[in-house]
Amino acid sequence: MSEINLSKYNLHTDLIIDDNSLEHQDNLVDNLTVTKTNKSGHYITITFDDITDKTNYQKVLKHLNAGISEILKVNKVKKNASCLIVGLGNRFSTPDSLGVKVASKVTISAHLYEVGEASQNIRKVSAFTPGVMAATGIESVKMIMALTKIVKPDFLIAIDALASSNITRINKTIQLTDTGIHPGSGIGNNRKEISQKSIGIPVIAIGVPTVVMSSTIVYDTLDYLIKHIAYLKTNECINKLSYKKTNYLNKLNNQNLSNIDKKNLLGLFGTLNEIDKQSLIEEVLNNTELNMIVTPTEIDFLIEKLSSLIADSLNNVLYN
Amino acid sequence: MSEINLSKYNLHTDLIIDDNSLEHQDNLVDNLTVTKTNKSGHYITITFDDITDKTNYQKVLKHLNAGISEILKVNKVKKNASCLIVGLGNRFSTPDSLGVKVASKVTISAHLYEVGEASQNIRKVSAFTPGVMAATGIESVKMIMALTKIVKPDFLIAIDALASSNITRINKTIQLTDTGIHPGSGIGNNRKEISQKSIGIPVIAIGVPTVVMSSTIVYDTLDYLIKHIAYLKTNECINKLSYKKTNYLNKLNNQNLSNIDKKNLLGLFGTLNEIDKQSLIEEVLNNTELNMIVTPTEIDFLIEKLSSLIADSLNNVLYN
Amino acid sequence: MSEINLSKYNLHTDLIIDDNSLEHQDNLVDNLTVTKTNKSGHYITITFDDITDKTNYQKVLKHLNAGISEILKVNKVKKNASCLIVGLGNRFSTPDSLGVKVASKVTISAHLYEVGEASQNIRKVSAFTPGVMAATGIESVKMIMALTKIVKPDFLIAIDALASSNITRINKTIQLTDTGIHPGSGIGNNRKEISQKSIGIPVIAIGVPTVVMSSTIVYDTLDYLIKHIAYLKTNECINKLSYKKTNYLNKLNNQNLSNIDKKNLLGLFGTLNEIDKQSLIEEVLNNTELNMIVTPTEIDFLIEKLSSLIADSLNNVLYN
Amino acid sequence: MSEINLSKYNLHTDLIIDDNSLEHQDNLVDNLTVTKTNKSGHYITITFDDITDKTNYQKVLKHLNAGISEILKVNKVKKNASCLIVGLGNRFSTPDSLGVKVASKVTISAHLYEVGEASQNIRKVSAFTPGVMAATGIESVKMIMALTKIVKPDFLIAIDALASSNITRINKTIQLTDTGIHPGSGIGNNRKEISQKSIGIPVIAIGVPTVVMSSTIVYDTLDYLIKHIAYLKTNECINKLSYKKTNYLNKLNNQNLSNIDKKNLLGLFGTLNEIDKQSLIEEVLNNTELNMIVTPTEIDFLIEKLSSLIADSLNNVLYN
């Protein structure tokens, strides 16, 4: 996936992408991309098309290992520093169960210290799944802070499912950040944050967008409609069937129509700026109570794969 | 949900609705609607807003009981006729697991006959879940036909999750028909059908739309955008906030814009007929490989509720 | 189930039964028994044969409601006192998942206070599942104490699966106590306890024996062998088939053989006292690594039923 | 596990072991044993202590691959012969879910032939899980025969959980046979069999004992008690603690007491022959309704491991 047009989504995005601050390399392996930014914190974004075959899985795993290692390094996390894994989300809701599943697949070592079975060289790793407030009645942030006080880890890694700001990213992106976590923020609640500032230790977040709002689907589709028409216009001498090939999406990313063409194609709606377009779509869907949060139907299978990938990577990096 | 504008969707709908043939009553209980048609077979459609609280659940159950009883009656199914329940779909994919879950919740009695424990008054009920072809390698239709030959039921009831033709219906509709089933047809495969014509016994299908195409979300949203603007135009003296109340969706169903207004609002796109609009949206999404099949994020919870509802109703009707 | 011979098992029992202190009534409903003792704390034990049919389920539920109400009353828990439910055990091990399943089925209300939706009359209930140390690396007791400090409940209810001291009790007993809990004590670990003494609020434990040691199966069987032979001896004029009827177990409970008969029947082993018999059986099984902890094969089904029963009862009592 | 004393259990065993007919090699790898017999059909039995660590898992997998390859070879199954996998048992009962879990983990290829995607070199593999009669009302044997007629496989592989005839074998044995399967026979039902004789194609059964009767636990423990006392008697000059080491079980297998010593130790019971001992134990437990079928508490974890092991082996052998 190309990163070119992402900056415009920064208004309501959960995945912070700032292409201007691309200071590091951009390792393109097939459709696998690693993007790094460090504005008000560090961000590493790994995008991929598919992890359902073994070769792709191993490729993405390698990049994820490198990404987690790097974000630990820039946060000065030492080789023997103890780690608390926090698996956020709801185990009873498949698209929201990513964090819980990762926590259950990561190898735990802290109890070996209690029973005297741990060798000196094993990092102390513990894990915790706070659950969601509707199921516990207790704020996740408060639970994590209370647990952090008794476990006293040197750093914290939290895994969570996110809402996607873009239909191309769902289940195809892993983002690493050190800017803290805001459990439950996905549903519009303004809760406290867990961050290095608030708890005094590095807080690494690993997020995967697994759901998307209907309004985002509509907005993005109309955006791609404009790009599609622009591409056809630019390439009108080319046989119409020729665009039906792989990576057509990438070809669209630089396309645009003039304002007059936009008005011809999509009327008043086409002339609106991005914020107004989004607002109008949301107005229609919210008022009719049809602005669903949706997830692809393969989600059961993908959550299994993604949670194994992230847990494998954590096991590789934490115990190496 | 009102049924008024549904006829236009008949092109690619899985739920066959034909308002012109509404020959029976339309029992409106709150937002619960029962619609009956009998063009080329019988259809009973029960729509509802919510079955997550006990009162609504009981209301819908009552109507579902009546619906199943009626469709058995019109198919001349006798009180002691033996029944084979077929739970279609994939148990490992939550939105596709409805049929399998219902089959596991229906009370089975056929084995009691084998061991001599069944009283004369209990209907003989057996159940079968063929699984999906990717998991078995065997066509569901062939499996069902083979099983029907050994079980020799007097009639067959098949339960399946469907793709929705409309964003307002997802997880909010149960359709009963006696026109046969086409397992796997949801994914575009042209397989054989199981019907009274092909197997000689009544075949009742119980379907719930649990998934929807992204293209349908876009199409329907733009349709509601036109209706929304039309409503605002018609009611422009009314305070803008006044439309933010319950059942706004119902108010929109009669709204429409003139062709000129449609062109002003949505340009060339607004002037397309329904088929061309759908084709253009599908062209964009299919070429970019973004035409996902999606399901609301509450699907785990809703499948539990819906499968319990249908199984409760089958237990009520079959053993009454 | 009769309680007559239970006192002898007090050596290594997890269910404390002391028949001498039976100060209250013993409500026998069919095979449902309620026993109360209050030596060094209060104990209410409800035993039953079967909760898989609806009538029995409702009977046991009624007694469980009364039992929970009473143990709250003797601990002076007020009608509006806030409650923290602690679901102990391992969600990934069926026989150990009782507490976790109950916690997921109890209605939670504490979050309604946070969002201002709770009426004054609803008791504040929250829930927490610490998990097991092998999966978290963190001691359950420490987690519970940390959570108690932030939730600040007026009392705590902990639910756990237990090891049974008797083969007749498995999945057929619910014990309520106010003497505190010792998470993980079942596997021989000497951990801290959670009790009114240690945390200053009433701590009610609800336990169901779901597993049993192989050594207990052997010991109990040989004990019933002696009783069985004694019964046959006493009733030798009676037709041998006559003992094959319901409640034969109850008939055995008063039976015993003379020491000479025990020696004739079971040799040196038969003359050993209870502790020595147990020790010898454990010696054989522990040295050969065959002293398994086992559970009946119906455990998946029974854990579902038992967790629903306890959750229904908690919902009845806590929100009444 | 040594095979030495197993012949005596042949009366009520589900795993047919006949040491006298040991005609092939006995590959001892640590505690991994492969035993082959071919009396009235071929039997290959693989026993092991542990498959929870990766090294042991790979060792056992290697032997299982060899075993499955050999039993296919002696049944003259060709490299390109098509296979129907039948996963027997109840998916809702953990200890009985082995067959169903294996079927869901085996790679299926038959549907690729239908859609024209299969290369010539891939064996055609399909899978089917009939379920249990209490859940379907239909006899498994009838379902399998009906399916076999439509799938027309060249051979059939059925996987099932078994009742163990010995407490040392539970979850530690895989038996391969070509003598046919008798679904549901574990619960005393006399159903039809699926075998080469009845359906005309090779029928390979893969079984793992996952449950055991309480009466077997008692019988085996008393047997080991006699062996244990015999070992102590023979080695009485040896420090008592010295027997507490690994493989004590193996040391016991040759031990026995004289009849006088048996009578001294266990009275009349000790003098009974094996059949009478078993009958007496069963009489006590059956009359008191305490003869439970039990499974070790780690069963959830072990079924996952065992089903992965068998599926990995089938994938290795069938697609090689």
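For clarity, chains are labelled A, B, C and D in written order, and residue numbers in each chain start from 1.
Note that in this section a contact is a pair of C-beta atoms (placed from the backbone, for glycine too) under 8 Å apart; a residue touches a chain by one contact, two chains touch by 3 or more.
Treat the numbers as computed from the prediction; the structure is a model and nothing was measured.
Using the contact definition stated above, find the chains touching both chain B and chain D.
Both chain B and chain D are touched by no common chain, going by the contact rule given at the top.
Is it true that over half of the residue numbers where chain C touches chain D are used by both copies, so same, or is it different?
Chain C vs chain D: same; shared/all numbers exceeds half.
Report the inter-chain centroid distance for chain A and chain D in whole angstrom, where each centroid is the mean of the CA atoms.
46
Please report how many Å separate the Cα centroid of chain C from that of chain D, as a whole number.
Distance between chain centres: 33 Å.
Could you list which residues of chain D touch at least two other chains?
Residue numbers touching two or more other chains: 92.
Using the contact rule from the top, write out all pairs of chains that touch.
Chain pairs that touch: A-B, A-C, B-D, C-D.
Spell out the part of chain C that touches chain D in their complex, as residue ranges.
Touch list, chain C to chain D: 92-96, 167-168, 170, 211-212, 214-215, 217-218, 220-222, 224-225, 228, 243-244, 248-249, 252, 263-270, 280-281, 283-285, 287-290, 292-301.
What part of chain C is in contact with chain A in the complex they form?
These residues of chain C touch chain A: 92, 104, 108-111, 114, 124-129, 131, 133-139, 142-143, 145-147, 149-151.
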